[in-house]
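Chain naming follows the written order as A, B, C and D, and within any one chain the residues start at number 1.
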Amino acid sequence: MKVDRRAVKPYGDTINDGKVQMSFTLPLKAGREAEEAARILADKMGLEEVDIVGMKDLGEGFCFFILYGKLSHSVDVTTIKAAEIDTNTMDYYEINNFIKKEIGRKVTVVGACTGSDAHTVGLDSILNMKGYAGEYGLERYPEFNVYNLGSQVPNEKLIIKAVEIGADAILVSQVVTQKEIHIKNLTEFVELLEAEGLRDRFVLIVGGPRITLELAIELGFDAGFGRGTTPADVASYIVQTIVKRKKK
Amino acid sequence: MKDKLKIDRDLINRCRHASKAIADGIQPHIEENTTTAIERTVARLMGIDGVNSQGIPLPNVIVDHIKEVEGLGRGVFYRLGNAILKTGKNAREIAVDVANSRLSLFKLPMYGLNVIKQKIRPIAVEAVNSLRKIREKRTLLQEKYPPGAKPWLYVIVATGNIYEDVAQARAAARQGADIIAVIRSTAQSLLDYVPYGATTEGFGGTYATQENFRLMRNALDEVSAETGRYIQLVNYCSGLAMPEIAVMGAMERLDMMLNDAMYGILFRNINMKRTFIDQYFSRMINAFAGIIINTGEDNYLTTSDAVEEAHVVLASQFINEELALRSGLKHEQIGLGHAFEINPDIEDGFLMEIAQAQLVTMIFPDSPVKYMPPTKHMTGDIFKGYLMNGLFNLSSIMTGQSIQLLGMLTEAIHTPFLHDRALSIENAKYIFNNARHLQDEIRFTSNGRVQKRADTVLTEAVHLLEEVAEKGIMKAIEEGKFAVISRTPEGGRGMKGVIKKESDYFNPFIDLFKEELGI
Amino acid sequence: MKVDRRAVKPYGDTINDGKVQMSFTLPLKAGREAEEAARILADKMGLEEVDIVGMKDLGEGFCFFILYGKLSHSVDVTTIKAAEIDTNTMDYYEINNFIKKEIGRKVTVVGACTGSDAHTVGLDSILNMKGYAGEYGLERYPEFNVYNLGSQVPNEKLIIKAVEIGADAILVSQVVTQKEIHIKNLTEFVELLEAEGLRDRFVLIVGGPRITLELAIELGFDAGFGRGTTPADVASYIVQTIVKRKKK
Amino acid sequence: MKDKLKIDRDLINRCRHASKAIADGIQPHIEENTTTAIERTVARLMGIDGVNSQGIPLPNVIVDHIKEVEGLGRGVFYRLGNAILKTGKNAREIAVDVANSRLSLFKLPMYGLNVIKQKIRPIAVEAVNSLRKIREKRTLLQEKYPPGAKPWLYVIVATGNIYEDVAQARAAARQGADIIAVIRSTAQSLLDYVPYGATTEGFGGTYATQENFRLMRNALDEVSAETGRYIQLVNYCSGLAMPEIAVMGAMERLDMMLNDAMYGILFRNINMKRTFIDQYFSRMINAFAGIIINTGEDNYLTTSDAVEEAHVVLASQFINEELALRSGLKHEQIGLGHAFEINPDIEDGFLMEIAQAQLVTMIFPDSPVKYMPPTKHMTGDIFKGYLMNGLFNLSSIMTGQSIQLLGMLTEAIHTPFLHDRALSIENAKYIFNNARHLQDEIRFTSNGRVQKRADTVLTEAVHLLEEVAEKGIMKAIEEGKFAVISRTPEGGRGMKGVIKKESDYFNPFIDLFKEELGI
């Protein structure tokens, strides 16, 4: 039962059995043809011994499938270089001390749910007093100045505010992702900043349940925070990044 | 139904009493003012629809035209009626002419108000009659194709594209859904107009337009005939255009409308003065059209904790009830919002959930509760999510709910896929059938956790309502009494659309509806 | 919303959006590396815009993933030739009449759960009086002679019995499929028959919840019946196949 | 616990009375006979283990050796004891010599039985003492690491490979499982011996061998220490080797054993005369070892309908209870089988489920019910399956069950994957916590569906038991009274292993256990 890290496969109950569960709908009526179509797709995905365990006609010419199979692909994890937040999370006290010692002035941040996004709960968990999962939000930190612009803030307005208050960091929240609306909105935000020559002034952060670090970096942000982020994660990142940049 | 909770009737009476005082406090404001949205609604009722060459809806064109020149203190009926009399054209033709700048209503000589009232009233009566016919058609159809047994299975479609929505809705209805709600594109409530025509590009939902209503209604009528079960259609009549959407819904035979007295204020930062006026007229239209409203108390629990703020939900239900009754809605038309949002990690959370669900059906026995599924505590763990939806369905059948908005296992991920919805229907059918008479079979232990919880929530609601009654609803909202959100009377969007009625203000529809509804 | 039958894709809420749900476990601790490994595997399967919505450490160095993505593959259903049972299901009365008219004698069948398989419920649903889903089983048909040997019958014993009673059809049930035990057992069964030169004497049928027509044919059976099979499906197939063979 | 069902105590008394009569009917048969399996067990208790060069277990070698020459009417103790006395070797060494044909027990001069009894009894006493020490170790460990709260989460591992099983079991225990059952490879119950050593090739389960027991016990002990929660280990002691496995389990500190008085007869077609004898001795060992048995009534419902045959389950529980008590098991050690197998499509099926679950805990208040999940009606729809498992968990917490065998969402597909089990644990934890005190909060309506159902089941059980008592258990089984399966007294496997005891038969362990257990 030794894992070969150069060829990692999914695991059901025996090492390297490759077992994967999948479900999807095809725009085909339930029946032999649809079943075969599902099997062919699974095959193209690299599944072997495909077992279609559920097939259910949904009406309107659609059919839902549940299937299991053994994945022929494997992944060499020794070559994985996952982007990683290169700072470490400190706690409330450590962060305030760090600011006092290493920065010597209060840190100013501004946050907003931009575009048409009105999901403030996530951003509020990071910024508001109350915080998240029992941890205080940034407003509670004596060494932070926090501006929370709330929901549905146009990109321009957020940038103007950031400049006005001399923010160290801008925090953007994007929760709605249907039809990739967040990508559009975030790209526009970075382009606006760059057009104004303001990009390097700020630590630029985006967060939301569908945000990953990779995506954030790809879109031109410094960092991205997803599900389960705590205020301390974000505060730590901000203050350490400020200091790193100062040193450069 | 026996009182399983042994609740103190006196507490309920005090709640109702306080709610009356709250409504009394706001009623003068409602009656002294009109809004741009109400006047656009009048324009629509008179027959105006369509858009101008820049895509601006004609009701907006005509109302803005009048507002610009003389304000709206007399309402649009006066100028519009005059133009009809003078030109012999109908309201829509007049609006088109105005839009094309071929006509200014202020260039026409004026009849006296009484003449206009007398001569044009028949057009208004005709409009109201045609709405009545639509309502009657619903009654007929529901006799022919009786709706399914309660709890009704209520699912949403939200693809952004009305044609995909239609396919998804038809599939869902065939699978057993009783009610289809078309979710609106994000932030439509902030639009001070209603988009026009069939739409295929929305985010997180599909625009509410009259054409979209019609397309969906037709599709569902087909399935109703096919399955012998009348499928109800829902949309949203909240936001800056709430009365307009109400009338569109009445015209296209929607059956339910999301409509809450305070939702726009709290959750969309729409001006409160505006909202209170708009909700009154919009509900009158809903009432007349035989539409069941769905209030939005579930929204409190997306930002507040469901255990701590349970009493706020209940207090809001009392307020919504009282305001709805004043608009002529019958108890049967008041679908009060409630939601299964207690953190799933809480010990005995399920007991608290059933306590409150039972409490609501006890207090509002004739109002169908619209029970919302878990959303806030749903995660990417679709299996756990599916299970939480199952407990939610069980809570419903245990406590005798009426309108069950089915939870989606992918709630935390995306708007529902076709099979997500199918799975949710399967979930509800299984639970409802397998525990069909559970509510008849169980009693709650005297003075046990369930009964005590119900009592606590009710007691806290009394206190909140009495406090609100004392300081007035506007002040209370300003102080953040609801969902810890504070709004000022002058703040928020749409304040400019509030217009003081002049002494010769006239809106024939208010009177016609009032008469019909006996208010 | 027109389906292009030459390029059918999974459907979430928009035609051709390709949406697929998947779950699996990797033998890696939860974390950025495991997440990236999951993403790479999804990528190899042809998924785009992979959204890892659930990651849960299971202990012992394992991690469970739930993800969604858009499948880039599609399937041309116009070229699908799904094997299809080439007979049509008749009802109880039709079948008995068919036997009387077209065969003119009773049809004899023998069934067994072979090898170590003790799951008799499936085979019993087809053979016993009581039947399945409200439909009578073959024992109830006046025109069928049924021998049900029950569970854990060695392949040899079943063949000997079939020869002894002059069976028209042999019905094998296989429910346990772990470690492909059914494949081994069914293959051995056909090889035994062939070695004895008996293969063509019988209509050879296998059934069970994980059995598909394709698999059955591949293994040398005439037909295979899966989930939800009814006695009438099987009886119809047997009698029509007997007649077809007679005509040849 | 108040009697929520208002059951008629007299009916319960009649059931117990009939069960006693049934047990009385079979007891003489049990006492007059021994079996090859029992004699192998004696050999094991004397210290024989291991296999010969062809892989045949030494207990079989020695028993066959004796049987061949003189039959087993006197038991193996006599010849074995004699050999120990004569050769000065221990039992294991003697067995090895016999296996290598270096020794025949019949070539040795014989001591008289009394001499052997006297001289060799200390070896038997020593063996029993060492089992006692193992039991005491469990007690100590359970004091140090108290088991989790009830209902205990019971999950199975079944990879076929003991090393994979170990990894899966450790993971499950850390995730919150209280009990790990290692499912046996298919049809092990038909083996008239116990395989030897660590095994990695099983189908649908892993062979029960003493080495496998040991490996798993060690792994779980580690996790117990780590988590501070004693993790219980389960295996199967049914089939042709039931008493042997009982003793292996006692030696390796298993905590529970599947052990049913009639399972082998009905579901494995093992000869009934053989089974009744074997179950008696195997249970005595279980009793002495402080093991909780799990009876197998759930199996009835895999072939019979759970609504129609509910009373058979109950009747079998009464019989199992009575026979278990006669073997010296305490009520607390009798884990009676029950299963959530009502067709999910039945209206009010959930009410029937809770009626019976509640009935069982009422009738057998001190016996931990081992509640089995839905299996038969599980399909490839893993979502629905997960939900059914949720209702099953709810039924358990509503009715106060003790041992919850968690259902797998993939029940219809494969033996559990690592994450299937993790999901099942998550399911149970959520439901148990979220509805923790639901059982305290609900009462059943008087004479309602639940109470009536319980009454019906109990009444039918009385009739069945009284009928069985009258005709005798063997006859009743022959007539197919249980699970509609008919077996004849002479039919089935293993009949040849039944041996009439001769007057000088001797088995020191029966006496030692009886004494200790006070029977």
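Definition applied: contacts are C-beta pairs under 8 Å (C-beta built on N, C-alpha and C of every residue); 3 or more make two chains touch, one makes a residue touch a chain.
Fair warning: this is a prediction, and the values are worked out from it, not measured in the lab.
Distance between Cα centroids is largest for the pairing of chain C with B. Looking at C-D and B-C side by side, the one with more C-beta contacts is C-D.
For this pair, chain A with chain B, the centres built from the Cα atoms lie 34 Å apart. We define each chain's centre as the mean of its Cα atoms; on that basis chain B and chain C are separated by 51 Å. Per-chain CA centroids place chain A at a distance of 42 Å from chain C.
Contacts with at least two other chains are made by residues 167-168, 379-381, 412, 414-415, 417-418 of chain D. Of all residues in chain C, those that touch two or more other chains are 11-12, 15, 19, 21, 23-25, 51-52, 56, 62.
The part of chain B that touches chain A in the complex is made up of residues 160, 167-168, 170-171, 174-175, 186-187, 190, 203-204, 268, 302-303, 376, 379-380, 412, 414-415, 417-419, 422.
Across the interface of their complex, chain C is touched by residues 3, 8-12, 15, 19-28, 32-33, 35-37, 40-41, 44-47, 51-52, 61-62, 71, 73-75, 77, 80, 82-84, 210, 212-213 of chain A. Contact residues of chain A toward chain D in the complex are 1, 11-15, 19, 21, 51-54, 56, 66, 68.
For chain D in complex with chain B, the touching residues are 344-351, 381, 383-384, 386-388, 390-391, 394, 409, 423, 426-427, 430-431, 433-438, 440-445, 448-450.
Contact residues on chain D toward chain A in their complex (touch as defined above): 158-159, 161, 163-164, 167-168, 379-382, 412-418.
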